[in-house]
Amino acid sequence: MCLGVPGQIVSISDHKSHLAVVDISGVKREVNVSCVIGEREPIMELIGVWVLVHVGFAMSRLDENEARRTLALLSDLGEFQESLS
Amino acid sequence: MKEIITLAHGAGGKAMESLIQQVFVPAFHGVEHAVLEDQARIPMRLLAEHGDRLAFTTDSYVVDPIFFPGGDIGMLAVNGTINDLAVGGAMPLYMSCAMVLEEGLPIEILQRVVNSMVEAANAAQVSIVTGDTKVVPRGQCDKLYINTTGIGVINSGVQISSQRACKGDVIIVNGSVGDHGAAIVSARTDLKLEASIQSDTQSLSELVQIMLRVCPDIHCMRDATRGGVAAVLNELADASRCTMYVDEKSIPVSPDVRGVCEILGFDPLYLANEGKLIAIVPESAAELVLCAMRQHPSGAGSVVIGQVVDQQGSAVVMETQFGAKRVINRLVGEQLPRIC
Amino acid sequence: MKYIDEFRDPDQARILLQRITKLADQVASLRSTPLQIMEFCGGHTHTVFRYGIEQVIPKSIELVHGPGCPVCVLPREAVDHCVAIAERPDVIMTTFGDAMRVPGSRKNLLQAKAEGADVRMVYSPLDALSIARNSPDKEVVFFALGFETTMPSTALTLQQAYGERLQNFSVLCHHVTTPPVLTEILQDNQLQLDGFIAPGHVAMIIGEQPFQFVACDYGKPLVISGFEPVDVLQAMLMLLTQIHQGRSQVENQYLRVVRQSGNASAQLALCEVFEIGEKVTIRDRYAPFDAMVRFAGHCQSDALPESISEPSYCAEVLKGRIRPLQCPLFGKHCSPSDPQGALMVSSEGACAAYYQYGKAEAMAEI
Amino acid sequence: MKEIITLAHGAGGKAMESLIQQVFVPAFHGVEHAVLEDQARIPMRLLAEHGDRLAFTTDSYVVDPIFFPGGDIGMLAVNGTINDLAVGGAMPLYMSCAMVLEEGLPIEILQRVVNSMVEAANAAQVSIVTGDTKVVPRGQCDKLYINTTGIGVINSGVQISSQRACKGDVIIVNGSVGDHGAAIVSARTDLKLEASIQSDTQSLSELVQIMLRVCPDIHCMRDATRGGVAAVLNELADASRCTMYVDEKSIPVSPDVRGVCEILGFDPLYLANEGKLIAIVPESAAELVLCAMRQHPSGAGSVVIGQVVDQQGSAVVMETQFGAKRVINRLVGEQLPRIC
Amino acid sequence: MKYIDEFRDPDQARILLQRITKLADQVASLRSTPLQIMEFCGGHTHTVFRYGIEQVIPKSIELVHGPGCPVCVLPREAVDHCVAIAERPDVIMTTFGDAMRVPGSRKNLLQAKAEGADVRMVYSPLDALSIARNSPDKEVVFFALGFETTMPSTALTLQQAYGERLQNFSVLCHHVTTPPVLTEILQDNQLQLDGFIAPGHVAMIIGEQPFQFVACDYGKPLVISGFEPVDVLQAMLMLLTQIHQGRSQVENQYLRVVRQSGNASAQLALCEVFEIGEKVTIRDRYAPFDAMVRFAGHCQSDALPESISEPSYCAEVLKGRIRPLQCPLFGKHCSPSDPQGALMVSSEGACAAYYQYGKAEAMAEI
Amino acid sequence: MCLGVPGQIVSISDHKSHLAVVDISGVKREVNVSCVIGEREPIMELIGVWVLVHVGFAMSRLDENEARRTLALLSDLGEFQESLS
């Protein structure tokens, strides 16, 4: 449930209304970023940030380190597997 | 004053005549003749030079928006009908053009559409020889609809049929899938997507001629328009009563088309194409056909996507990236954007 | 595509599958029945079918498809309300594409549209708001559905409408929350589930805590998971590991997206706008934007067509008690082109997924 | 639930297939084949039996209302295209049918229209061999539009042309004029007229075959559709660069058509017909042609209405009931009801 | 058709023509210039051209085509008003078919319609009233034009609207009355008219009396005439007879329709609703139904496009001072498909009639 | 100017609103007959009466005698003419 797609914020289109443009594999769409702005963080800081988009709202920031860690875990598994075989 | 279409342009009087003289006669070869007569006349010996069977096909074009990245309704109307002739193995020769125009349409818009029909027809050496124009009150059609009906001739050696897919035959597509559908979805204002996706609108006539030169015995061929590749594969599997295997990995999808699909929850296999064909060819000829296709710009991205594995049943089975299988059905309704 | 392609990598999947198989064999050797794991969420069900995961995992693991599809849990009455309002000539009804096919007692929104109602598909509730701004002489209603993932978007949209003092915008709220649905499943005696794959995008909003009761009160392991196939396989492996080790905990596979405490801003918006009880309702402060209030006459049951209930099988499938193929209507009287239940409508619905990607019989033949 | 057309019926998936199977396949001979392929295929030898030139014509039908006294849009779409072939001297043989349907159209309405197409096509022994269906969102077209494109073959002896009217040639019409236009005007609800006027919608194919049998050398022939008899006479006078004389008294107009014209200030010469032709024949053959025409139900009311009087200029001159002359021009805009 | 066919009978016409020729010869022999008779009314002009009457009457009678065409006398500003109101999105503009082609300064109603304005053709003002009843959320305006013949229908329609208290119906009144237009012609020194064929359908409403001044004050014979060719020829004969006998009276050829005192009911309605001064305006009592009042902002000249006036030739033709063929624009820059003046629009307009039925040059060639 | 057509009243469609149906050469249309009803004359009496119709209103009754007289005058003229020739 709840289709969510990762995309990268490429510009801020409306400071006041918290609207930014997200790029998803070359496709752009304006989304609301209210839920991913940090307190006292200038909205411009969001440019470059990866977010998870659901129904026109950015709902979470993607954590690159965690993603890398998850994948590293898998390749560790893989090496472990290989060492077994 | 900006010139616009009024009901008078469809009333059979002077306004209509001057529209025809202003827009259509300069554009379409042969229409000059058709303006004078109620029907185009084509000497049968000109047809007989090309083969022994007449191919005859019709399509209406109601695309919204009428201009989109990579094309417009005019180009689509010409290429779409050319392709329906070409995939039957016919040399496309003549075409009719019937327009339904909405009152209020700027004549300049009509002119642009007509120009692009001319360009497409000239490129494919097809003559638009007869036409019709109707005007409906504002709000009773959306800007303009075009019907093109095409005539071509099939060479006596060619026997393309939806029923000829045989065990072992190889399934080829001439490039990435879903471009047209994704371009239209992105060009629609309601979803507010911005993408640089170009429709793949193109004539497949030359490509098909090249393919037939190296393999006159192509078994099945169809352009993958509405319903996408999934629809065509299912239609051919049904008609030939066979089972096809398709390899998910091998199906080319361009990154931004994937982007649109991820955002909206679409499957590119069900998106329309306007310059893509599925060819089913004998295994022995597959390599040759593929090579020939790749020489032509319209076939540069050609790849094998699967094979006919069984002469029974009527199913399209896809091997997923994980080595599992799933059945590819036809679409049930339209594809609607999903939230879940 | 970054954050997607890596998690669809067949090589990664293969590694995971080998581990899963190994571990499953160990676990299975200790028990007589197959392991039953429920992927609660329709998004996961979709992934399972789209990639054929059931075919590649060991036979000793049985996936039970859960009710976590906002479209599948929508009662017919909700659609009936929506149709009744949409059919008013002054109304523009807006909603998500997949809500348009959900059956009501007599018709769905697509049919109402074909019959003349002004029903428009939107990608976002914000788009419904734009329509309202541009159509001041129409009542624009947004038919809001979905679990916690979608609720903040509705809440923020309502806050925006409130701020703009829009006169012609309202929301027909049919949101639902996850924990009560999970509880119902856990309380079902007929189900003997060994663990849950939990919806990552719900957790992204509400965090891990609301899932703790599954582990604490019911002693079932639960892993919050992403939606790519590698995510699902990893979550499965994490569940197996818990089972093998005899643990029952809430774990988070989807660390790149889900924070332990969820999203505070989203929770705040949600809290401000919605009253979350047995049902999710719009708070009094926002009553002028509540379509239930605004079109009260149309939402009373006597103003609606007599509701025709879904086949009883649907509830059984929804709870995971029977599989779609065990429903006597499946494929015969019930198919995506003539669905009897919502489960056959959404591509998240287990029945539709079986029909669309599965056709197990066809598979068997090949 | 009443079955209605939804967008899914145009999406290329299962809904579309079942619509085609339910409505079109049982109705149209040959469409079964076309459903399987993208194009109809016609052996050229079947065509060659009928003559040496292919005739090819297209028309879209957008009539409102779609059902009217004496016919409906389906009958019109078949007969109209048959007539455009027939008046060129062609034997009408094959036809395409492309429909644009409005979302929400009751399928029962579509079925009635299709039935009446079948009836008209069968009566004229024309096969509808290929088709297309598009669905547009509600409000984007008015119920349904039909395009039919026709193929016929012209016998080698026949040389009908708009440019062949010669001094002395006799101008014939096959019955009363303005019936279709007046029937449509009366069927429209906005003018609130009540009349028992029937559209003259009919196939002219048999009639033309009979005429050609007695006089293969008919010079000009045209069906007097949009713009009426006035438009056709002007077109032929222009193309042949000749002057025609028409006798007002001789032009048949039925009483209730006259009634509509008196009320609205219309001229029946400009009203559309859908089963009337103007033939221009050598004076020597006129009597013979007229006799032959009157033998056939579609020609029972045939009369001579005038003559080509000069091989120069390009004018249609009418002798009024008072022996005065007036020029008959083409219509400028639409005919609009007058108060003055 | 009863009351029509008898009066189109060529035999009857032939008899009249013989008498006319004979009498005209006698009258002509006594004078150096041809007799000039004005058919005031466009309806008569139409008949003259439709049946080619000019070609069959003796050369010694010259017909001068008068300004009696409601469409031809409509000032461009009237159309500009109408277009400005019609272009409001809340307005449905209704009017007669032939009013739709009359040129305004920038566009006519047909063009406004094609550009998106909701302009609908009606057969009767009562039909406009029905539209108003059926479209309560729209402002329905009826663009009323015409001479006294048409005014009672507008008046009765307004009375009906008043009685029904319709809130959304109004009339944009551009009616004109006949006597002032006749007076203007009579006062024109350049015109030396010998008599008038007067509009039978105007007289049907107002009776014979309002025409008396033509005979009494200006000493010109006048015959009220029907519209069939036999009517017109008979009226011509009656005029010739008066001239021959040196009389100047108001006579009535159209006895089957025109009563001496006109139609009292119609006059009453007309009087009740309209204030007839230099212009015809709607009385204060009916002000809520007066579009000039209701859309006052749109009828002020500064709210309108700068008005582009008609070619000066039009006024000359309208008054009968020059004939259409003498206008340098005729047939070249001015034709029905691109009319410069209203006279080229209505089939009643002398220029359009010449163009449509006349083309005297073509005639000459034959 | 002012297109007027003779037609015969064939039925009364709305007594209160003075609407009647007129037949014009076989074509029927509803018209308002307010202007041709005599004082105290029952509206039903209008059936069979010929009226002149303009923009949906009956504006005058046709007087058959006058019509006949006009035509008679013409045929007198004709006879007179013939007697001359």
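Letters A, B, C, D, E and F name the chains as they come in the text, with residue numbers starting at 1 for each one.
Throughout what follows, contacts are C-beta pairs under 8 Å (C-beta built on N, C-alpha and C of every residue); 3 or more make two chains touch, one makes a residue touch a chain.
Molecules present, by chain and UniProt name: A, F = Hydrogenase assembly protein HupF; B, D = Hydrogenase expression/formation protein HypE; C, E = Hydrogenase maturation factor.
Because the structure is a prediction, the values reported are computed rather than measured.
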item	value
Contact-graph separation of subunit A and subunit D, given in steps at minimum	2
Chain centre separation in whole Å, for subunit F relative to subunit A (CA means)	83
Intercentroid distance (Cα basis), subunit C paired with subunit A, Å	22
Chain centre separation in whole Å, for subunit B relative to subunit A (CA means)	38
Where subunit C and subunit E are represented by their mean Cα positions, the distance between them in whole Å	72
Multi-chain contact sites of subunit F, meaning residues that touch two or more partners	1-3, 5, 24-25, 29, 54-55
For subunit B, residues contacting two or more additional chains	6-8, 14-15, 192, 255, 258-259, 262-263, 265, 332-333, 338-340
Junction residues of subunit E - those touching two or more other chains	1, 4, 42-43, 69-70, 96, 110, 123, 127, 146, 150, 336-337, 348
Chain-to-chain touches, reported pairwise for every pair that qualifies	A-B, A-C, B-C, B-D, B-E, C-D, D-E, D-F, E-F
In the complex with subunit B, residue positions of subunit A that touch it	1-3, 5, 21, 24-30, 53-55
Residues of subunit A defined as touching subunit C within the complex	1-6, 8, 17, 24-25, 29, 31-32, 34-37, 50, 52, 54-57, 59-60, 62-64, 66-67, 69-71, 74-75, 77-78, 81
Of all residues in subunit C, those that touch subunit D in their complex	106-107, 110-111, 113-116, 336-337
Touch list for subunit B against partner subunit A, complex	186, 192-197, 255-256, 258-260, 262-263, 265, 338-340
Of all residues in subunit D, those that touch subunit C in their complex	1, 4-8, 14-15, 18, 103-104, 138
